[in-house]
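The data blocks that follow each hold one structure.
First chain A sits with chain B, and in the next complex the same chain sits with chain C.
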Partner chain A sequence: MSQGSIKKTVVNAVGDYKFGFHSSVDSVYTSPKGLSREVIAEISERKNEPAWMREFRLRAFDIFLEKPMPEWGADLSGIDFNNIHYYVQPQDSAKTRWEDVPTGIKDTFERLGIPEAERKFLSGAGAQFESEVIYHSLHESLSKKGVIFDSTDNALRLYPEIFQKYFGKVIPPTDNKFAALNSAVWSGGSFVYVPKGVHIELPLQAYFRINAENMGQFERTLIIADEGSSVHYIEGCTAPTYSSDSLHSAVVEVIALPGSRVQYSTIQNWSTNVYNLVTKRAVAYENAHMLWLDCNIGSKVTMKYPAVFLRGEGAKAEIHSFAFSGKGQHQDAGAKVIHLAPNTSSTIHARSISKDGGRATYRGLVKVPNGIKNTSSRVVCDALIMDSASRSDTYPTMDIKDDTASIAHEASVTRIDEATLFYLRSRGFDSATAAAMLVNGFATPIVKQLPMEYAVEMNRLIAIEMEGFSQ
Partner chain B sequence: MDTKTSILSVKNLSISIQNTPVVSGVSFDVHEGELFVIMGANGSGKSSLLQAIMGNPLYQVTGGSAHMGDVDLLALTPEKRSLAGIFLAFQYPPAMSGIPFGNFIRLAANEQQTQIGGSPFAPKAFFPIVQNALKRVELDTTFIARSLHEGSSGGEKKRLEVAQMSILQPRIALLDEIDSGVDVDGLRSLTEEIARLQKENGMTVILVTHNTRMFQYLTPDRIAIMSKGTLVKIGDASLAKRIEQDGYEGFLGEPSNVQ
Partner chain C sequence: MIHPTPATTLPEIITILAGETRWYFVHEVARHSFILEKDATLYCVVLAHISDERAWDLSLSLEGAGSRAYIFGAVIMEEGARLDAQCSVQHSAPDTESHVSLRSALFADAVLTCRGIIGSKKGARGGKGAFHHKSIILGESAQVKTIPSLEICSDEMSAHHSATIDLLSPEQLWYAQSRGISLSDVHRLYYSGFLAHDAQGIPHPEIAENMRSYFSLQ
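The block that comes next holds the complex of A and B.
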């Protein structure tokens, strides 16, 4: 299976997508629709990049052209690569104070509650609008300790040594067609470096906003947690609801060095006209602990399978995913863990809900090559199907070549139970409220791992999706 | 009987489950503040009657009526019946996975608040209310954070049902086999709580059971006996003695005193 992780296509399922507004913002530069060597050269030129990055992009473009579209997973036939703007530059440079961000863009993020969240419970915040990070900031105490939290573009310029050492090493352009596409046209994303032994208590958050129509967003995130450090990175994303489709195709690489702990949490809430095809992969070294917490509510089509390569003895992977598929949506999500060292362990817990004809697919892989001793893995997939028009599929691949491995797999499919619904109604809750309570209850084991503010928001998003539900 | 106020009037009620009749032509009136007990062998239609009065869509009413005062209950959704003051303690309450009891019951209380135009309870203000209700049914406060009915024993579930009743303070409580699976100490605290709500709030109780164990603690005003989907007898508390001696079979031979 290729590592295609496609994340976001949303269909406007329930009308009440409160992030569907469009802001009127003039961009500094918009590349013409379609993709060519000229477009890529122009992006590299405008970013004033070193020659090696320009070469990297052009090589990746060749790989993109060579690779066929994936023949498995969700239906991607609606993507028209010639009808997309691959680079939209909204302002001249990234700002470190909200006051300096142009009004139209700042207002957008105010409406999304980002500056407020930063003040209240974050160590640092970044915001990407179209193709560029327009704002980033890090708490002073952390920058003094040597923590780096910047846009990936800035990092290429400011920290060339560490950048080049890790960039594209976890997910090379050859990995899959969309990783190749991202490698060719990437722009924005976060660069995080946490020095040895530094623990970042409050999360770092990046927020991604697509505003323009027929826009492709291709951010590139690189997180390096040095030995014995810890960090929790959260990303959120939304877009206006348009009648034509947009494409979001990110690449996220995480390097968890020995003894570090990284949690990467996603609340994906693209509008239902976004194809979300994302590749996410972490490498965990000795005794490192990597946790992907992946919540997919929005998008038209999402293909995304966060992966962990356990390269060091004692390393641990946890992947928890939650997917909600409403009308016209297909969430094809899952997880991959490759055990490449002895005494490594992994846990995958996926929960999905499908409603109003929505489709949820769990696609996962656990691999233990021969000779890798004493590994353990537990995979649990639970699906909740709200009505007979909706669908859930599970494709759990277990490729276990060593007989010392301890492997457990459980799967369950439940339908919304009339007896349970009636119990709630007998306590005064109407059908929609009762269903939202059950669905939120179902999501709880995953969602409770988010910081409280986000868990509350997730519960609210789920309740919105359940509006109008009746039996 | 006519001097008392009827709070629930059931007339000629017939009920089917998936087109199979389970209750046929049952009529009775329950008076305000009364403890009305419905007894009968397993499968006699007692639970079906309570489920239909609460409005379970799986129990299809094929004829007759049920009124609470002037209110036509059958025209209301289950949630509206609840908000009108009817409470059903389930014989087999389902587990509410991922829904902590404290949240669940606070949100239910807030549905009532919304109904009467009151302001909703904040979690902090509501905590002592839940704590107190759990104390009355002799459950510890760890149940507040636990998913309702998930992993609870049969007896704990019954206590949690009664705790909900304490908080929601219904006008009419339909209690389905509230004694089954409950130990002696539990039975005492649950019956005490039922009696307290009757005394302090004038709560009306329709209690379904198939044995007389609860009557050590609660004295029924009247007992109705069901058999094969019909009501065969209504009498005073002394009927309990006859049931203990003769079982339900003893009533089948004699003429019914109900229409």
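The block that comes next holds the complex of A and C.
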């Protein structure tokens, strides 16, 4: 299929969402709509998994059924669990050569610019289409150093010992309803292992694409940074715009062993018919440094609170969160840091913008149990509301049970500065350009943590969102 | 000199009439709702010394255009004391302003839960809301849970909140003790200065002076 044949079968207006196209790709297998023990068994069977994983999935399914829907946060009443395909297999196996990827899928990713990105500035790249990783590659020099960057399905097969040691240990199925759902039907995602002392200079990237309608994508990512190593993992995601909703419910577990540094960056740009309910958690051991950089532009509803459990003395957590909430969107994002060892520190910096009736919510937690000495935490949340129809909420919780903790939190909700807007307009910028400049400036403290190429793309996405703005 | 009156002697619901400016200077905590009409102004200074288990529920409803509320709270929590505090401020009219500043000092095993909510309704244009909660911990196993929330439904108002939880650093303690000051006196000096800090922002000299002396005498 050529790029020209990729059709815009968009039911509702795609608007300026340039990734809202749908590709005609025949899948190898699509599970029937709805979730049952049979569907889960079929997924496990098709993946030829060991018995323990099949049992793990079925146990998680029972937990999913037992747990109620969350009664806090965004409105999830629109999710119809019976109207979702939980597993769509687009091709037989993951490819390591881009040329071997089926044409229709390849065209989709070419159009999204993924292979180009890999050639230019990545150590490795993975691409997931529907439920399966369809391509994975790693720079040869890193393979020789013992770095593993593969699909999570392959890792289960190829590295069973390390896989079983860490899988599901940071986020067990009992954690929450959607972690249980993911544990029951997970498919795809990335597995990264960085050996002791190895520093991966350029980022690893994974790109997630939902293509089918009423699709659920449940990738599972597991990153293990061994002692003294470092890695930066970047993920991006898009989907077509349909009139009915899709569900993305990932689980990401990161283990930062002593002295390691992990940065996990997300540029979430799902179409506005996707419920994005993700559980992300890292455990940082002695003197490890974990950084979550979480940018949420797309989706209908996002509920995502990247967390760090500081388990080792001297460990450090940084969470930088940016959310843009436009018409019909609710970005309920935030951060959690649990200090479980002395002399640990954390920084949370969240910025959000709501526009055209969008709602942005910061929800956070900093917790210091009794007896954990000399911890410090600083939390800053800033929200910008662009119009009178939009809304911003801030719900930070600081639960401090030790008398040696030093904690600071500040938050603000403001509107765009009219004097600055006027100044820019008096210099010949139209309203939308001037507002985009101000909004980009507002986002800069978060976006600047991205590599330059991604920061440029983020600024462009923000500018697109600001098109048509007038005041 | 004006002395604080017991909070329990005030009615639970208090309406500040249009154009009226009213001062409340109370000690101890209770449950109170203030409703402010057009151009009404409320100043409320609350000083509390908690040694048992208490609840403090303060609700401010800025219903009239141009209404303003300024709340200053300072709380000492003795060893083992419990306080569940909630302060909610609702901006419902244009050009309203609220400023809530709470300071708390906790001795060993004291537990403080503090929820601060600033909310706005559509049409609260030009509104400004601020909530600040600062705590110092002066004894082992003291616990602070602070949840300063904002629920802002419009770009027409601005809101800020902040919270800090800090301790008397070993350096400060060592310096004071090296000058021959006992630990209990260091604590008293530290918390009396900390809790009375907001007195400088109170535009009523007598109440401000009383606030300063109240804590230095505790």
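Operating definition for what follows: the second predicted complex is superposed on the first by the 457 of 471 C-alpha atoms of A that agree within 3 Å, B and C clash if a C-alpha of one lies under 4 Å from a C-alpha of the other, contacts with A are read in each partner's own complex, and residues count from 1 in each chain.
In this section, a contact is a pair of C-beta atoms (placed from the backbone, for glycine too) under 8 Å apart; a residue touches a chain by one contact, two chains touch by 3 or more.
The structure displayed is predicted, hence computed values, not measured ones.
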item: First, second, both or neither for A:K401, with chain B first and chain C second; value: second
item: First, second, both or neither for A:K165, with chain B first and chain C second; value: neither
item: First (chain B), second (chain C), both or neither touched by A:D393; value: second
item: Which of chain B and chain C A:N440 touches, first, second, both or neither; value: first
item: Which superposed partner A:V413 touches (first chain B, second chain C, both, neither); value: second
item: First, second, both or neither for A:R425, with chain B first and chain C second; value: first
item: Superposition-derived comparison: chain B or chain C, residues of chain A touched; value: C
item: Footprint overlap on chain A, comparing chain B with chain C; value: none
item: Chain B residues touching chain A - in the complex, by the definition given at the top; value: 54-58, 77-79, 81-83, 87-88, 90, 93-94, 96-99, 104, 107-108, 111-112, 115, 147, 164, 168
item: Residue numbers on chain C that touch chain A, as the complex places them; value: 108, 122, 125, 137-167
item: Interfacial residue positions of chain A with respect to chain C in the complex; value: 370, 383, 385-388, 390-416
item: Residues of chain A touching chain B in the complex; value: 417-420, 422-431, 433, 437-438, 440-445, 471
